[in-house]
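Next come two complexes built around subunit A: one with subunit B, the other with subunit C.
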Partner chain A sequence: MNLLNVRDLRKYYPIKSGLFSKPSGFLKAVDGVNFSIEVGETLGLVGESGCGKTTIAKIIVKLEKPTSGRVFYRNKDIHSFSRHEEHNYRKEVQMVFQDPHSSLNPRMTARDTVEEALIIHGVGKKERDTRVKELFDSVGLGEELMNRYPHELSGGQKQRISIARALAVNPKLIIADEPVSALDISVQAQILNLLLDLKSKLNLSYLFIAHNLPVIRYISDRVAVIYRGRIVEYATTKELFSNALHPYTEILLSAIPAEGSLRHGQIKTTELNVESGCDFQNICNIASEKCRNVKPDMVAVNKNHFVSCWNH
Partner chain B sequence: MNRLAKYYWSRLKRNRLAVAGMIYIIILILIAILGPYFTPDPNKVNFAEKNIPPIGFSIKQSYYDAKKGEFTTVVVHGNLEHPLGTDDKGRDLLSMLVSGARVSLYIGILATGVAILIGAVIGVSSAYFGGAVDNVLMRFTDIMMTFPFFLLLVFVVFIFGQSINLIILIIGLTGWTGTARLVRSEALSIRTREFIQAAIVLGADSKRIILRHMIPNVISVIIVIATLSIPGVILAEAALSFIGLGDPTVASWGRILNAGQDTLDTTWWVAVEPGILLFLTVLAFNFLGDGLRDAFDPNK
Partner chain C sequence: MHSIRTNDLLTVENLKTYFYTPEGILKAVDEVSFSLKEGECVCIVGESGSGKSTLALSILKLLDESARIEGRVAFNGKNLIELSEDEIRKIRGNEISMIFQNPQSSLNPVMRVGEQIVEQMINHKRMDKKEAKSKAIELLREMGIPDAEKRFGDFPHQLSGGMKQRVMIAMALSCNPKIIIADEPTSALDVTIQAQILDIFKRLKQKGISILFITHDFGIVSVIADRIVVMYAGRVMEKGTAVEILRNPEHPYTVGLLDCLPGTSEKDRLAYIPGTIPSLIEPPEGCVFSPRCRFRFDACSKTPPEYPVSDVHSVACFLFSNEVNG
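And then the complex of A and B:
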């Protein structure tokens, strides 16, 4: 069953040089993105920093408004919700953030943070107490940590509390925006396993955002590779890792970044900007005349694999 | 004591000057509250005991002896009955300074309270709502900043008379602009933190976000600003009293200082004693404010 459906999503930020000047152009953070998430599925979004991953996440949880395009949750447009539907959406779709330190209020104890989610959704005091205990238990935190403040907790513990807060309202879909990239490698594995456990126990779906391919491979059922605000390849995890088609995916997959392509410090933005055709043409080493003139469409290679490249 | 308070106390404790300042302020507040019950009436005039110097000092005083019909000179020593001396009307300076402490602290704390309250509300709303609200509030703050506060005070005092509550109100109503800006900038950085976004995603309303997430996180800045602006207000009132715009019915430190300045060459202690107290109090508040700022700063 289809849980979330994103259709032709775009988010353009105007580039202004002064307060009263007209925008000189638009930064296309998200530029025509389509994907869907089925119930119980994990979709991985992967791409380098600044490619629009987080913007997509923020549009889905309504922290940002899209310039155009639509997001459907259970086949209803999230921007035309009634009050009741909005309230329900806030319960069913939750987000886990990247920075465990910044995602907890430093003036609230771990318990208060988790309990607040229940208060907002009108759970009674007695029920809250048992529920908070359950939640601490389910994310693998001892009760002795309940009264700690964020500065008294480790990064992994903080991220577990963030997860407990998101789980408090019994969500169906969790948007995880780089939830492990700020953690130590050993802690990363623990958190990933926790997320996988919770998924099967609570029948959750995830939109999992990361820039780290091994992490994506470990957790995702399907993967969307994003380059400059567009999905360039979209396939099941197995298919993508065994048969990557887009040159950008190939670069991501090869351990060594291609010459001058991913070393951000060394490429100027102007070199990356394209007038027409494929966004990737200046980096791609198989770019043809067609790539320079016409933007490629998403084409199906088979029913589990889509790619946006003229060479396939 | 709450564990969070304990944590900040343990950080504040490391700064000795701040602790010294805090102890001084606590003692001063206790004296201001309880002192007037133990010291003699500060308004009791007694010309027989005028111009007595503080303990350990003595001055020559000449007066007209009506019996002999000529001026005689006597040496007046400081005595225990008036440990800090008396003024030219024979009023006990210790009593005057103790009740003056009450007045000066009353003005400092109340006027700061008014200013901080207005500044915090404007600053937090400006940062939280952003956009047009932010623009309107900040331009209003700019206008208030350039407003000639002193001129207003002179006008109001001229029209309504020199009342202490009026002075507090005016200092409070015009002194919030700096607070508003500082609180706004702090709140802006809090606004972008992920826990605010998490609260929005959970469906928290503006009221909850402001009261539970924004205010508790800017409160440390507010405490620091308050501590650092109390001495400013005390000094502002002293300055007003000094130029004769204070409330003539209450003896603040500034007014005692003003009264003593004419006779600085003879009865110097009348001006010097409130001056020293003002100096120490301002210093103590500044030390405490600095210490609090460091204690609340997560990067220190």
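And then the complex of A and C:
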């Protein structure tokens, strides 16, 4: 069953040189993005800094308005919700941020942080107590930590609190924006396992945003690779990692440092802005005349694999 | 090839860096010893709070007064720890230079990047301005910066993160140092840029420059390291040649850490190390890793010495003591 459907999403920010001047151009943070997430599925969104992945997340949780395009949740446009539907949507779609330290209120205890959402959604005191205990238990935190403040907790514990807070209102979809990149490797593994356990236990869906390909591979069912605001390749995890087709995906994969690898002589440092054609043409080793003139469309290689490149 | 170069350029012996804080004594670096040979890259690997950055800063005495440094850092027949501020300043940026994690905050935002490189050469090498400028441009070009002459006059905010880190490396190289200490120089960069920067470090190594590379990323270690020092809670857990440690890790911490990595192959479930890094003010009695260790036994209530596993590999763990193994 389809849970979230994103159609031709665009977000352009005007570039202004002065406070009152007219925009001299537009920064296309998100430029025609399409994807969907099924119930119980994890979609990995991978790309480098500035590629628009966080902007997409912000649009979905309605922290940003798209310039154009639509987002459907359970086949309904999220911008034409009734009040009741809106309320429900904000409950069912929750976000976990990258840096647990700056996303928790330093003046609230762990317990208060988790309980706050329950209060807002009108849950009674007695029920709240049991629910908070349940939540602490489900994210693997001991009850003795309930009265601690964020500065008294480690990075991993703080991220567990953020996850408990997101789970408090029984969400269906969790948008996780680089949830493990600020954590140490030994703790990162704990959190990744926790996210997988919760997913199967609560039948959650994730939109998992990261720049780290091994992490994406571990957690995702399908992966979308983004370059400069556009999805360049979209495939099941297995397909993508065994048969990457887009030159950008290949570069990302080859740039992961690992013993004996690193074939990165191919990455060029050059002017990235293009006037027409494929965004990737200046870096690409196989760019042809067509790539310089016409933007490639997304084409299906098979039913599990889509790529936006003229060479396929 | 590396076995031919046997002369140690830098020797760290029994280094202790303690911070005297109102809450107590924080043992950030405790009894750390290792050496760096000519043209070699030693990687200090550890998680946050392992003391790896403090170790780097201690070598060049870049810490404030709350830190007490003890032990020996032998370089060129001198103990760097005992040098006065004036004496160590002649070594910093000159014979030993340092590159930090975040190039954005290490560059002066109101000074043209070229001038920042030139300044160093004029101070340390007494070069004249013209000569220094042409060397700076040459260095920028060597770092793969296109249009080096033009970029020389740019301010830091006009450059991307990767470009800024290239400028930092050019600056570190400007006085022909023997040693470069790099503290997580690629952690703030995208993977593709990281790959380019690592390439630069590999070239430096070929030129005979020794590199002390600080990182938490085993992927980077496997690409660049000749030898590895694994640190945890201020102490050395394991050290040896890169091949040895990556192929046959012995310390339970190193083994656990390598198992935690979601590698480039498929894994059903990630292993993890339970618990978290201990407080350095009240570290656990005995082996600092013991509270999280699966193999903990009676002996672990004492601090383990380093036991040799082979002549290029040693482990600070009682599992490797002969008495225990009989």
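Heads up, the rule we're going with is that the second predicted complex is superposed on the first by the 296 of 312 C-alpha atoms of A that agree within 3 Å, B and C clash if a C-alpha of one lies under 4 Å from a C-alpha of the other, contacts with A are read in each partner's own complex, and residues count from 1 in each chain.
Methods note: contacts are C-beta pairs under 8 Å (C-beta built on N, C-alpha and C of every residue); 3 or more make two chains touch, one makes a residue touch a chain.
The model shown is predicted, which means the values in this text are computed figures rather than measured ones.
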item	value
First (subunit B), second (subunit C), both or neither touched by A:N105	first
Contacts of A:L27 with subunit B and subunit C, given as first, second, both or neither	neither
Which superposed partner A:S162 touches (first subunit B, second subunit C, both, neither)	first
Partner chain in contact with A:I120 - subunit B first, subunit C second, else both or neither	first
First, second, both or neither for A:H87, with subunit B first and subunit C second	first
Partner chain in contact with A:I251 - subunit B first, subunit C second, else both or neither	second
Which superposed partner A:V187 touches (first subunit B, second subunit C, both, neither)	second
Subunit A residues touching subunit C - in the complex, by the definition given at the top	48-49, 154-157, 184-190, 192-193, 196, 211, 213-215, 217-218, 241, 251-262, 264-265, 267, 269-270
Contact footprint of subunit A on subunit C as seen in their complex	47-48, 144-146, 161-163, 190-192, 194-196, 198-199, 216-220, 222-223, 246, 256-257, 260-264, 266-267, 269-274, 276-277
Subunit A residues touching subunit B - in the complex, by the definition given at the top	58, 61-63, 86-87, 90-91, 93-95, 97-99, 102-108, 113, 116-117, 120-121, 147, 149, 151, 162, 165-166, 169
Residues of subunit B touching subunit A in the complex	3-4, 7, 193-195, 197-204, 208, 212-213, 216-217, 298
